[in-house]
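Can you keep this structure in mind? I'll have questions shortly.
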Amino acid sequence: MRPSGRAPDEMRPISIETGYTKHAEGSCLISFGDTKVLCTASVEDRLPPWLRGKGQGWVTGEYSMLPRATHTRGSREAARGKQSGRTQEIQRLIGRSLRAVVDMKALGEHQITLDCDVIQADGGTRTASISGAWVALRLAVNGLLKSGAIASDPITAKIAAVSCGIYNGTPVLDLDYDEDSSADADANFVLIEGGQIAEVQATAEGATYDEEGLMRLLRLAQMGCADIFKAQDKAIG
Amino acid sequence: MRPSGRAPDEMRPISIETGYTKHAEGSCLISFGDTKVLCTASVEDRLPPWLRGKGQGWVTGEYSMLPRATHTRGSREAARGKQSGRTQEIQRLIGRSLRAVVDMKALGEHQITLDCDVIQADGGTRTASISGAWVALRLAVNGLLKSGAIASDPITAKIAAVSCGIYNGTPVLDLDYDEDSSADADANFVLIEGGQIAEVQATAEGATYDEEGLMRLLRLAQMGCADIFKAQDKAIG
Amino acid sequence: MRPSGRAPDEMRPISIETGYTKHAEGSCLISFGDTKVLCTASVEDRLPPWLRGKGQGWVTGEYSMLPRATHTRGSREAARGKQSGRTQEIQRLIGRSLRAVVDMKALGEHQITLDCDVIQADGGTRTASISGAWVALRLAVNGLLKSGAIASDPITAKIAAVSCGIYNGTPVLDLDYDEDSSADADANFVLIEGGQIAEVQATAEGATYDEEGLMRLLRLAQMGCADIFKAQDKAIG
Amino acid sequence: MRPSGRAPDEMRPISIETGYTKHAEGSCLISFGDTKVLCTASVEDRLPPWLRGKGQGWVTGEYSMLPRATHTRGSREAARGKQSGRTQEIQRLIGRSLRAVVDMKALGEHQITLDCDVIQADGGTRTASISGAWVALRLAVNGLLKSGAIASDPITAKIAAVSCGIYNGTPVLDLDYDEDSSADADANFVLIEGGQIAEVQATAEGATYDEEGLMRLLRLAQMGCADIFKAQDKAIG
Amino acid sequence: MRPSGRAPDEMRPISIETGYTKHAEGSCLISFGDTKVLCTASVEDRLPPWLRGKGQGWVTGEYSMLPRATHTRGSREAARGKQSGRTQEIQRLIGRSLRAVVDMKALGEHQITLDCDVIQADGGTRTASISGAWVALRLAVNGLLKSGAIASDPITAKIAAVSCGIYNGTPVLDLDYDEDSSADADANFVLIEGGQIAEVQATAEGATYDEEGLMRLLRLAQMGCADIFKAQDKAIG
Amino acid sequence: MRPSGRAPDEMRPISIETGYTKHAEGSCLISFGDTKVLCTASVEDRLPPWLRGKGQGWVTGEYSMLPRATHTRGSREAARGKQSGRTQEIQRLIGRSLRAVVDMKALGEHQITLDCDVIQADGGTRTASISGAWVALRLAVNGLLKSGAIASDPITAKIAAVSCGIYNGTPVLDLDYDEDSSADADANFVLIEGGQIAEVQATAEGATYDEEGLMRLLRLAQMGCADIFKAQDKAIG
């Protein structure tokens, strides 16, 4: 029995509120239940040095938790003077995932930064970030297409992410904080609409799982991402 | 004529939405027009070393802008590895201001951290932060009183802040970004309900003002803060 | 009664010794009683990136306390690896204040850095820094005029600063350390010769003051700055 | 055809030279072909603060590349003043993996740090690190058992890691640098002797893979790890 | 011929002004010609962790250049966020040198920090620092003896330092900036009154010297230190 | 009697294994007994800014200890976020020493970085580093000559370094860890084949030495370096 009373293959309610901030070229507030992440897409003409003059663009991600997004207050990374290993790992994942569905040549010499700032955390912040970042990216690219800054759509597919885990011996979809903190295994899947996998990060600290277990988690993730793709569709309109 | 069409002594609409995040002991999203700041109050039993065992509490503030709160994306302070001078100046001001209306003995051995994170910026982020932080503090202290953690109310008064400036030669209240970036003088006032001043920071870079000008700005601020005190009352209910 | 036996409107003795170091384009050791600050002006042709090629100059300030300028030794900021919020706040104030009396077009493409290093501290180090920095700046600009590097004088007025506060209920001028550490309110005024105000920073932590109190502090500051302007005149000769 | 001429399911030669340094409680130089990593295990009685007095131990990992381990010299992280996101990600993986096969209660109040320093890199440095770290850990724990510092063996199983990828459309085992830099997908598997999975990190940047692809990579990894388990056995003797 | 017209074995004028700052337990401004260093000795009861409870004291040194001590302005180490290798090398030398003449048991559980801040630089700042630090230390220790905080004198001898070098083929004493920047070899000697050597740092970048050269430089240093010992005597009175 | 049983003027066995890593333009593993240092020379066309376009090259050094090179594990400098003063002092010495035997004009616009990473430490790591760095440099320069990148040999002589000290009152050559940690004086000599001195760093912390003592240490160093020059010759072949 899950603490939230959800069925093993049941996602939390997904909501995506677009246009959450007025300055960003694309933005949304995405919620997976009580997990809320503000995702913004910022378009700049300034590329990283190693890409200048190559006729292509770049997509990168940044991630942060507000200090009191969590049960107890965490110290501010800016005050500590560095980003944690966890933060860096997550923002590398966000950037890598979104790049998997962007044709950099078609994007032209633009850099799009996807900022994912967690307003409230209840498990699954990295997967909500990726799923919301795609919406912000879609909106920003729509603007580039509309203004004529780029000629053809560089986005090749939808992408979404969800966490799954083994909780009390049962594979479950979309772990919340209570489950995440006591799960035997924790896996994040980044999936592309149509059945392809962009990334799997499946970890067992203490307990472990076998080939069969991995397959069952992947299938739950496919169900969850189907829901997220629908929510993305609805948000974009 | 102000770019927004407001009268010289007209505040932007103020809104304060309490309970914006579920984990913080007190929280609100305060808006001065398009400026939106998430203020949370976190209560901890851990005091700074120099206050331990003295039978008193502490109130401190932290401040940050989300990278895309502004017209163009700013780099993340956590990524740069340090907080800017501006950030530090503002968070010192927030802490100092709120401490002006708290009796540290009555607070007992609790530390309350007021986190002010700017979601969207359109001028006046530090004054909105102080005004919203008071609401978050009030809510957190109400919780401490209700639970019996403290016996008497340590908050001695309401406090609010507003910016004023001289725009095209005219003193105006509550500068927005368009005004702020071209004002001749810029003054932030932190005022206590009842007529006392907690802090004045009045700056002229290039242009200057005289004693008369300072008084006119102060009177505008008194008008603005009267409105904010009403909004605080309404938010607390 | 003030600890020093001074009258409420009495400055400490001011002395300004010019040419204190041989390498700087302008320098002085300024003393407000036992507070001693070495101010140097360094002229460079290298401008900050955002000003290059705009036909104008820049004036900036830096501030530091020697570790044993104070009663007890403070750790060295270079060893700690960052400047404190207080240091950054003060050096931003120094730069902003001096820029208020410099015509950047007339200065041409030169940057002048005003380094204020506190040799001995007894209250009022930031106001002594600003007052001394003006002398160092004046001497450096005199050199530029003499050598023909610039054609017309970019300095538009004298500027000086002094602290005032409410000590045991009485407004007093030029707080020394004993007063500063127990004052009810503390205000720093940066004034321009002729009656204009460049900056007010008036703070009450715990106690507060009203409009009348602010005016009385401002008038004390005007008296104090009149003395500093005379000392600046005498130093420049 | 692989650049090295290897069959798709062929590992590079594995060698493990134990006792490579005299000070460490356990050490080895592990080679996967031209990739060479020095792994040391250091036993200390000092635990991280959150574990003190709980009657259990801790295992953690650190990772670094020597500046000229690679084709072109990389700048030294100590000189840059921080560890890269990649480094932090890898060392978190090393610690997590090894903890999956250690019973922390049986380890008692000891901390074992596994330092993995890459002497020469040719792809697969993180998987060689994990595989070698297990050997260093085994040797260090043998010492603790022999000296009587701990009573029962805290190591529950062997663990090994290997990378697989899709190269020119074909799933291949144990990518070297030439393959790694042009592979369509890259997956690191950390496997436990007996068939359990400790960690999967499978990434597609640009290209993607499906469920079938993931399974094929996992089976290659199982073959590779079988070889590594044998090499570990032989090294331990 | 030396740029200054001095004879090869001629020191610049040495002056030592004691009591230069009022807060430090010992202080002096030492000048070797135009090189001026403020040396302060601060006595604290707080020892470094590794010495606590061992019934002995510690002496350490810190060193810094004011930004405009030199011909062209150097950036502030506190602003850059770290101390240069040169600064660290010098402050390690200062501490090591002074410890060579202090009996740590006799000092008791006190730490004395010798801060050497270069007000104006014209070559030989590290040697002036050591020579002046001894005077500041002597004054601080005199205070401890007078107050009864320690019973017997922990200072075992005088110590002084001077630089020598080979300039245009001739060994010369007490290099000034003009000589230092073009010398073939540069050697700093730290000598103890009575003929013992505490430290030699002799460097040749480009040119070199032989055993005979080293001896000639040492003998010049012995002459220079004899003068410094006299100046120390006179300063202490 | 020395702990190792060596005669006072007896070096530990020296071994130099060239070509230790495949990527570096020159490399060796040098051992002085149990002290083992990996030295690599990396050739780059990128020069430091102040040398660009001057028709000359540059040689620089970097130094690090692996965390478990020593008896007890030292924390990683990259994790601490800065290099220690000791590390910086040593790497400055390595660079300066090697530059003493390179004609920068003949080197042309190439930068050679000598990385010295201590694999195992038993005293004398900096002197082994310098001695091994010369071999790595020699191999890298041979490559430049062979490829025609430079026309004439920029290396003007062999250079080697060794430590000496006074142990139990007796001057001894090539201190190992046991001697180093209890020696009365410690001196590092960097000598050039043919009798010239590049650098002397002789320190007495606590005990001291006189002119005669310095000479005896220098003569021991000359004997030790003669052995190292032979080993370098043999390694280069």
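A, B, C, D, E and F are the chain letters, set down in written order, and residue numbers restart from 1 in every chain.
Note that contacts are C-beta pairs under 8 Å (C-beta built on N, C-alpha and C of every residue); 3 or more make two chains touch, one makes a residue touch a chain.
Here the structure is a predicted model, which is why all the values come from computation and not from measurement.
The chains in contact with subunit A and with subunit F alike are D. Between subunit B and subunit C, the least number of touching-chain steps is 1.
Between subunit B and subunit F, the least number of touch steps comes to 3.
Centroid distances from subunit E, each centroid being the mean of CA atoms, peak for A.
A centroid comparison over C-alpha atoms places C as the chain most distant from subunit D. Each chain gets one centre point, the mean of its Cα atoms, and the points for subunit E and subunit F are 28 Å apart. Distance between subunit A and subunit B, defined via averaged C-alpha coordinates, is recorded as 33 Å. Chain centres here are Cα means. That of subunit C falls 50 Å from that of subunit F. Distance between chain centres (mean CA atoms), subunit A to subunit E: 59 Å.
Among the residues of subunit F, those in touch with two or more other chains are 81-82. The ring sequence of chains is given as B, C, E, F, D, A, with subunit B as the starting point and subunit C next.
Taken in their complex, subunit E has these residues touching subunit F: 82, 85-86, 88-89, 91-92, 96, 99-100, 187, 192, 195-206, 208-211, 213-215, 218.
Within the complex formed with subunit A, the subunit B residues making contact are 21-24, 27, 34, 38, 40, 42, 44, 62, 64, 66-73, 76-79, 81-83, 87, 113, 115, 117, 119-121.
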